[in-house]
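Everything on this sheet refers to the single structure shown next.
Each chain gets a letter, A, B, C and D, in the order it is written, and its residues are counted from 1.
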Amino acid sequence: MSEIILKTEKLCKNFGGLKATDNISLDFERGKVHAILGPNGAGKTTLINLLSGELLPSSGRILFKGYDITDARPEKISRIGIGRSFQKTNILPGFSCLQNCWIGAQSCLMTSMRFFRPAKHLREVHRRADHALQLCGLSSKRNQIAATMSYGEQRQLEIAMMLATEPELLLLDEPLAGMGSEESQQVTELLKELAKEQTLILIEHDMDAVFSLADTITVMVDGAELETGNVDQIRNSKAVQDAYLGHDEEDAA
Amino acid sequence: MSDQKKPGISRRDILKGGAAAAGLATASSLIPTRFAIGGTAKVKVGILLPYTGTYAKLGTNIKDALQLRINENGGKLGGREVEYVNIDSEAAPPKASELTNKLIKKEQVDFLIGPVHSVVGMAMVKIARKADVITVIPNAGANGLTGSLCAPNIFRTSFSSYQPGFPAGQAMLEDGHKNVVVMYWNYGFGKETAAAFKSSFLAGGGNIVKEIPTPFPKVEFQAYLTEVAALKPDAVFTFYAGGGAVKFVKDYAAAGLNKTIPLYGAGFLTEGVTGAQGAAAEGVRTTLHYADSLDLPANHRFREAFMKATGNPADVYAVQGYDAGDLLIQGMAAVEGDVKAKAEMIKAMEGATIDSPRGKFTFSKAHNPIQDIYLREVVNGQNQVVRTVQKAVEDPAKGCKIG
Amino acid sequence: MHTVTRPIIIFLCICLVMLLLFPAVGSPFYTELVTRIMILSIFTISLDLLIGFTGLVSFGHAAFFGIGAYLLAILFNDVEHINYWWSLTLTLSMTGMAALVIGWLSIRTSGIYFIMLTLAFAQMCFYFFFESPHFGGDDGIFLMNKPEIMLGSRQLVDLENEHHYYYFVLAWLVGVYLFLSMILRAPFGHVLIAIKANEQRVRALGYSTPHYKLVSFVIAGTIAGLAGFLEAAHTSFVTPAYLGWHESGMAIMMVILGGMGTLFGPVIGTFIVVLLQDFLPGFTEHWKLIMGGIIIGVVLFLPNGVAGLIYSLTNRLSSKSKEAGREHV
Amino acid sequence: MESSFYLIQLLNGIQYGFLLFLLASGLTLIFGIMGIINLAHGAFYMIGAYLCYWLTGITGNLFTGILLAIPLSILFGYAVERLAISHLYKRDHLYQVLLTYALILIANELQSIFWGNDVHSVPIPELLKGAIQLTDNQAYPIYRLFISAACVVIAIAMYWVIQKTRLGMTIRAGASNREMVQALGININWLFAIVFSMGATLAALAGMLAAPVNTVYPGIGDNILIISFVVVVIGGIGSIKGAFIGALLIGLADTFGKVLLPEMASMVVYALMAAVLFWRPQGLFGKV
């Protein structure tokens, strides 16, 4: 077994009486793709928000490379190397594509409090931003204003911004949400590319994509962990089928 | 309150204003005042008074009375026609410098009249001193205006805060009140009035039980009145004006305090607001340089004329404006309309005796009126003179270096 | 994010030349009025850094204007020879400290609460000067002598001279404009603009946004203090009304009318509002009615202000050469 | 000072607090439910006071005056909402601040045109004219107690309307989720118009009730605006309960500040607000 990069211990989050995250203890391994599956309202996004510092847990601990980051705020989490993308497109609409990535690339380089030198003169920032755009296949759109791009491109930009911070661990909140099949295909390819070098924690609805990408899968129901295993284990799990498919039928009805 | 009416009104006003503005423009372009000394050109009188907001009523009365006095003189100053340039001061200190400059530099007025608000007065006088424009202050009472800021070209026809305050100490001692609570709005005017009151009251052997400054311009007095009731003084001396004066007098009476603790104040407490105060004001005694009921021929004449001209009853503010007009008339008559002869005109104005509705008065070396202060009592909504407390009260003009 | 296109640069240069030439043709009154407008412009530009670029709607910005003015008047009240550089440094550093404290306390909140908290602090400062027995209370305070700008033993600028002061203030206005456009072009400025666009995202990218907001608040407060300093040196008279919420409201009005999020917009807005205030009262006694109507018109029909109008005009003119002539702010 | 002194001050503070609640309740309603910062709140207060003065003068009775003034206020609030405010729902707070600021200017000018610049007073009806003797020399006017009672009645009525009626349910739902209410087939425009004119009418009603003790003069609206905002913010935006508690807190802080810290009386209230927000940035009962 390889190194554990991120670990949660008995993580809980309550909203009033509702247990959005219920006693989650998971290990995330370096270099792997760990997907989190679950029906709507299972608490997946809450979990990501806890990991990324948007929310503070009610109890439990989060350890990153052995350090306790339970109470860290989002900016701290990002600085130590955990990047996240958002489920709803969350870009800077008035900025150009490149500028969006710039903001990302700049953050961990400690040059952002510079007042006088124009941003475009910073070579290292430039390199990172370009690299992120290139990875996401947006190099040709670098000067386009983000708000004017297609939805799929904006989703790609969302990921590019995160990549520009050069994180060690990527938290991806439904990167394929709302995409057409062709766009979806593109992003899946991108994720596969990333998976070669990075550690990914992936929340996704799209079963096919998850099964083709993930090394490990955790299934959540009502805020709690139902089962964790590799693709085959999950595919064949009775409990998962009952819970997950059962819910799906309910949703359909 | 209708939104339908709004455009109609503004349109009419615009038309009216536009016509006036056009007339003004042609007049001033045809007759270049700067080169025409003597007969032909109009005398420009710049008026900086508040016509909006809390002090609007004061501004309007002063302006109307000033023009009334000049109209009685055939609408002329020193034989020359008069052109008024009216600017709304909004009683806004931050704008005071700009508006004063507008009158002096843009309109190039020969005389400056204003303002009501002391703080505006500070900024205005400072500029007027430098520009050497003859200025008549028809209200603003800050001591400093004819004190540390005094100048040969600055006159005041109203009062200094000292004047209504100082004699009040004597008046209250004479009425037999030894232990007194002093309440005032905690701002320049209130503080100066209270200080003047205290100096004479303490010197005469009085005892100040407590001094209660209340935040200006707030009108929540209930907590203070409870304090007064608990302190049980012989009487209360106050400084409040305008809406605050109405509220204070009514609250004082509503709390039943007027039955056991007589209320005194600087005259503004019951000036122009007795109608709104109603029965609550009955018996309140104040000191001021004027009273509506003064039995003087000049007063009767003035009140009648003012009522006829404006449809409103006159008040002390109107008197001050009226006297400002009189001062201009006397000054201009002495130089026969030659506004360039400043030194001569100032000399004439310094020596002027104003036959005012408040009684005749002359000017001190600092150019503030030397005037009688009356003790008045509200009877049937009228300020009736009880007695003249002190004759020819002169402001000590602390810090004034002229004369 | 606004970009300064070539036509805009040309437009700004024309404006600058007009301002440079104005005292030669303008009457003394208007020279002085424009001086005051330029001082207020420095103030509104600084507010725009908060409202238009950082997304912090401060409803108490006049406090810093007033504090700057008061500090000069209090600290150097009866000093005979006021050393300009020393008084400026002292005033600005103390205003900056005040902005740091107020900013630190306010930035914890956001949205409506931020608006109200900045208002509350401004009101506290207002009452502090208004009721304090030491600084003249509501009567305000005079500055007996004007600062002297010396270089060695030679007087560089005579502040008593209206023309000198005009160019002196103009130089400050241009200086502040260039300073802020430099900041906004630098990484720091990009982060500010990004915070306005989407704070949550910027935090998630690793920025400690409160720090950036605080630095922005302090810069804006200090520049507002500079404007207050210039005003106090100009009129030699400071009253608490400078800190009142009406002044803060008017400043917001100027920024929006001119066009927030552009640095030249607030300057245009300040010119328009002050000139309207100069012009309308001669028109009708109830001129505030018209002023109110104009404000409502701007809010409803011109949300991007005059600058927005200029942008859409120049964009139409230069739509073909748009890509070529673009430069980033 | 004896204890009765502090008891009377307590009464003063509570009474002032009730009045502040009346001022602030309309504001918090508009704030919380519509997300509108209504600087013109003071203008509605002023208009209420002037309407009361005007109509009481015509009818000769305060109560008929108020009864006639209420529908006028409702209409006025409705007109303002339709003509101006309704265009701002999707816009930044900044524009709301500005537009309602313009409404203040306009309202003040209209007041000056219609009613002039004099100080007026409104007579207290015979029925409520008396006073209750508290100590040997201080009495408490019955009309002040009447105002307090009216404030309590209005507070209870508001609580009842918002918690128990169908309209209240819709209003609460509209505050938390605009889309949902629309999805339920309720006309959100209509709902907002109702809420705004309700808020405006509450402000006007405060002006009417306070007119006999406060007198009516130009600029009264401006004086109460800021303090109302302070109450709303301390209590938590949108919370009626918060406004109630906040108003009482401010009423007491102001009263005892005046007695115990006379030098800083005006700053006490703002310091309290800053302290509360420092401790709870969303106010006492505000939602995060």
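Here, contacts are C-beta pairs under 8 Å (C-beta built on N, C-alpha and C of every residue); 3 or more make two chains touch, one makes a residue touch a chain.
The structure displayed is predicted, hence computed values, not measured ones.
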- State the smallest step count from subunit A to subunit D, taking one step as a move to a touching chain. 2
- Query: Of all the chains, which has the CA centre nearest the overall CA centre?
  - Reply: C
- Note on the structure: Rounded to the nearest Å, the gap separating the Cα centres of subunit B and subunit C is 36
- Between subunit C and subunit D, what is the gap in Å from one C-alpha centre to the other? 33
- Task: Round to the nearest whole Å and give the separation of the Cα centres of subunit A and subunit B.
- Result: 73
- Per the C-alpha means, the centres of subunit A and subunit C lie apart by a whole-Å value of 42
- Query: What are the residue numbers in subunit B that touch two or more other chains?
  - Reply: 6, 9, 52, 215
- Touching at least 2 other chains, the residues of subunit D are 106, 108-110, 112-113, 265-266
- Item | Interchain contacts (touch definition) - all pairs | A-C, B-C, B-D, C-D
- Note on the structure: Within the complex, subunit A is touched by subunit C residues 1, 182-183, 185-191, 193-194, 197-198, 200-209, 212, 215, 323, 328
- Note on the structure: In their shared complex, subunit B is touched by residues of subunit C numbered 27-30, 32-33, 36, 127, 130-131, 136-140, 142, 235-237, 239, 241-242, 247, 277-278, 281-290, 293
- subunit D residues touching subunit B - in the complex, by the definition given at the top: 1-2, 5, 8-9, 12-13, 15-16, 47, 51, 72, 76, 79, 83, 106, 108-110, 112-114, 116-121, 123, 131, 133, 135-141, 143-144, 213-215, 217-220, 223, 254-256, 258-259, 262, 265-266
- Task: Write out the stretch or stretches of subunit B touching subunit C in their complex.
- Result: 6, 9-10, 13-14, 16-18, 21, 51-52, 87-88, 92-95, 97-98, 101-102, 104-106, 118-119, 122-123, 126, 142, 144, 186-188, 191, 215-216
- Per the touch rule, the subunit A residues reaching subunit C in their complex are 52, 54, 73-76, 78-79, 83-84, 86, 90-95, 99, 102-104, 106-108, 111-120, 122, 125, 143, 161-162, 165
